[in-house]
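Each of the two complexes below includes chain A, the first together with chain B, the second together with chain C.
Then we have the complex of A and B:
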């Protein structure tokens, strides 16, 4: 059953291209958790998350220096290699400086037919929500212009319903790995979350419902490793979590954009739809770009509550300023709770994998001892 | 009861044999051939002048980066745990172990019963490692064993980058070209190595007593720089290169007692 999700994750380009072929609809690439995908969905288009790959970059290095975010560089590189040619456009949120610069890159270097910049306020606040909601009107208008079709309020409400259902189901999936022993592993849970970013939500909801029916009778349980909490900036596939689990850990809770932060917090389904979307996408996504450290640490606390974790692994992508500046505070917070911390400054390529394995093995042995 | 611990490192392979919990003998060999071959020889050499032979060993634990390639080991354990156990056995009041290996340096905070409380490893290039010192030894035409001693006699120093081993090497070469004395450059090199390790130490926090282990702990200048920079006195055991293997042997002892 989990293979169903894995297959779609591994064949993400083919899945999106096939959807396009079957429906005649448009596919838009997005970055980060703060693009309200419901609006794209309501326009009859398919939003897919842009991900990097572990392979060495070859095309992007003539444009950018080596000391930029390895994830974003890999995304640029994949696009330059034509891996995203099936996309009809890109939606770029104002998040970190590097993702922000994707706007010009997509427009001028890739010459994509549709590129829209979503202005995301800097801080959680009601003023910010009002501002964000106004910007979302522009976003909606631009999608209407691009598709030549109006987005009705009813369509928006329907999309919010589909996405909220997805979030609720994903939360149930996350509960499965908190059990003792877990019914699904942390890497399987992440596989399921990332696949949600890459395929039609209705189909994902259908698969999730099947999964939740099936899992109670699962016979090959993932095992009961040392329970670990992971906080990460970008882990755009499940390899790192798999590594932790190969070394005897079991990831039972997380704080990651390609994990809990993607689906945590539903959209209010009453009142003005765009305002409700602005509220969820600004106030409920625990990203250090938008939240102050105390709010972020409270989120991390909440994620690991009752998960009986014994250690924390923090994995921040090299050059990811928002996360790296927060790291010492997060480390302190975890240690003050009596949770040992293992920290990695990660790369997109797998060059450090064996070094990481050595450290994780030592960390797990230390927790077990 | 006879058990052994083997530390299969990048530069050296150490074996420690315990008899009823006490060190019976040890041996340190240079790595270079297959880990299993040299490990077997290290164990055999360690026991060759005793009344025992290899078949008397009840349990063997392998550690170090090559630990998974030792088919005759009963179990593998990580360097971090073994270093802590070994250091604690030698000095029960130890709370911080600075393991200065060929490939990397680690700081380990040790708690009750020699258990690890926290650890960190230098994650920036080779600048804090023994291999870096070997490179410098070649560039400065000074045997590794003499580097510490010469450095301690120097008058002042010349700065060397602590961020990148390649940059550091070209800096050292340009110091040589400018006619800077070798001893002053050596101090700069040792300061750079200590600076790199200091950052790792800061991550786990330093508590007394502090012990330095690994091959680089034999370099008195690195140890002195670390003492000056941290304000802590650092204990170096008589043979700092066997601490990991000793820890592995102690784990072997625990396992054998249980089985």
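Then we have the complex of A and C:
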């Protein structure tokens, strides 16, 4: 059953391209957790998250400097290699300096026919939510112009419903990791979450429902390793979690944009739809970009609740500012709970894996003692 | 111990800046002792509003450059690293976190240290680093922090009413925060006066830059990287206006007399990116070969201040900043900007500094360099941190500069 998700994740380009061919709809690439995908969905388009690859970059290095976020560089390398040629456009949110810059780079180098910038406010306030909602009207208008079709309120409400259902189901999946022994592994859970970012939500919901039925009678349980909490900036595939689990760990809780942060917190289904979306995407995602470390720590606590975690691994993509600034505090808080911390400065390369393996093995061994 | 890392200046007026700076820092200490409220600020917090509300602004990035220019950054950075801030973190932020959290381990702070803050102000729209840095400071110092937000507007100027209204509401939130902190009522008239002065200064700065197009170049970056200081930190004050009037007069006189930075100008350069504050003499190095760094990409006044948009000074500020953008907001605009400068300032080659810990400046540099080389404009890219001198090898940089100069001289 898990293979259903894995297959879609591994063949994500074919899945999106096939959807496009079957439906005649448009596919838009997005970055980060704060693009309200529901509006794209309501426009009859398919939003897909741009991901990098653990392979040598060959095209991007003449355009971007060496010591820049390896994840963003890898994503752009994939695009320059033509892997995203099926995309009809890009939606770039106002998040970090590098992702912000993608707006200009997508226009300049990819000559994309549609590139839209979403002005996500940086200060959390009712003023910010109101402005975000106004900007989402612009986003909706721009999608309508691009598709030539109006987005009705009914369509928006329907999309919010579909997405909320997906969030609720994913929360149920996450609960399965907390059991002892876990019914699914951390890397399997992450496969399921990332696949949700890449395929039609209705189909993902259908698969999730099947999974939840199936898992109770699962006979090949993933095992019961040392229970680990992972806090990460960007882990855009499941390799790292798999590595932790190969080394004897079991990831039972996380605080990651390509994990819990993607789906925790539902959209209010009453009132103005765009305002409700603005509220969820601004206020309910525990991203360090918001500069509210207490909120993020509370989110981490909530993720770890009843998970019987024994150690924390923090994985920060190199040069990811929002996460780097919160790292000292996060480390201190974890240690004050009696949770040993292992820190990684991430690259997006194959070679780093073997270096990490030894460190993780030693860490797990230390936790087992 | 390095005695001086500052660049050799060509203009008399620029030599006044160190005294202005020293007196500004002494004044902030004095203000603090007298009980005036002190705000530690990131760059781009509108100092005119603070000034109009009698708040003393201390701009930390500037202090970071002071530390760097005295080659004390590594000591402070190491202290910052020790308390958990990685070497990937902005050099300015790392050294200030070191200053705050590990003062015993850090070197002696220039100017007797900073005036103690009452609260913190950060603008969100320039870089991620400031947000993380100020948030961390607010926590460790246990002081209130106000975030000042504005839309990013990647296409530059915008007539979006929503953007202007949001900016206006954010400015009013800043005013409300300051009223709460100081107990002082905001007076629009005071702000209007300061804005008028600040606009005059900007116009003079713009004119100064226009005059720098002259051949020979009357004022190079060696002077300008220092001469921008009053505009950045004393905006809206009389002494700032006086300084720039004097600067303008001196430049006009030099042009009238045909005096350039170098006696016989052989090539003209542009400096793109943040300079290396711990070795500003590098900019003078090309002068020995008949070169001058005639214009810079950062801290440059590109246009006159937009005309007044509204009688209400807050609304006016919001409309100006939304409807006009005087700096490039995307790679496309940055390329146009550098190509225009190359043409207008008759630039023969561009030196691009790559400061990895400043993501904002760093992210565009490779594409800018490529765009220039693709058009046959010679470039030299130098990757070093803007503040942390441990990343710098003078010998290596000069060897590369020598080769670049040779390439340029061979063309002329």
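FYI, the second predicted complex is superposed on the first by the 368 of 369 C-alpha atoms of A that agree within 3 Å, B and C clash if a C-alpha of one lies under 4 Å from a C-alpha of the other, contacts with A are read in each partner's own complex, and residues count from 1 in each chain.
Methods note: a residue touches a chain if its C-beta (ideal position, glycine included) is under 8 Å from a C-beta of that chain, and two chains touch if they have at least 3 such contacts.
Remember, predicted model here, so these are calculated numbers, not experimental data.
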* Asked: Given the superposition on chain A, are chain B and chain C in a clash or a fit?
  -> fit
* Could you let me know whether more residues of chain A are touched by chain B or by chain C? => C
* Asked: Regarding the shared-chain residue A:134, is it in contact with chain B (first), chain C (second), both, or neither?
  -> second
* To do: Answer with first, second, both or neither: which of chain B and chain C does A:365 touch in the superposed model?
  => first
* Which partner does A:345 reach: the first (chain B), the second (chain C), both, or neither? -> both
* Kindly classify A:214 by the partners it touches after superposition: chain B alone (first), chain C alone (second), both, or neither? => neither
* **Minimum C-alpha spacing, chains overlaid - chain B and chain C, in Å** => 6
* Just which bits of chain A does chain B share with chain C as contact spots? -> 345
* Asked: In their complex, what parts of chain A are in touch with chain B?
  -> 335, 340-341, 343-345, 358-359, 361-363, 365-366, 369
* Asked: Once bound in the complex, which stretches of chain C touch chain A?
  -> 83-86, 88-90, 93, 124-125, 127-129, 131-136, 139, 147-149, 151-155, 160, 162-163, 165-166, 169-170, 173, 330-335, 354, 356, 359-360, 362-367, 370, 383
* Asked: Which residues of chain A touch chain C in the complex?
  -> 61-69, 92, 94, 96-98, 100-101, 103-105, 107-108, 117, 119, 121-123, 125, 127-128, 131, 134-135, 138, 288-289, 291, 293, 316, 318-319, 321-322, 324-329, 331-332, 345
* Structure fact -> chain B contacts chain A in the complex at 65, 77-81, 115-121, 123, 203
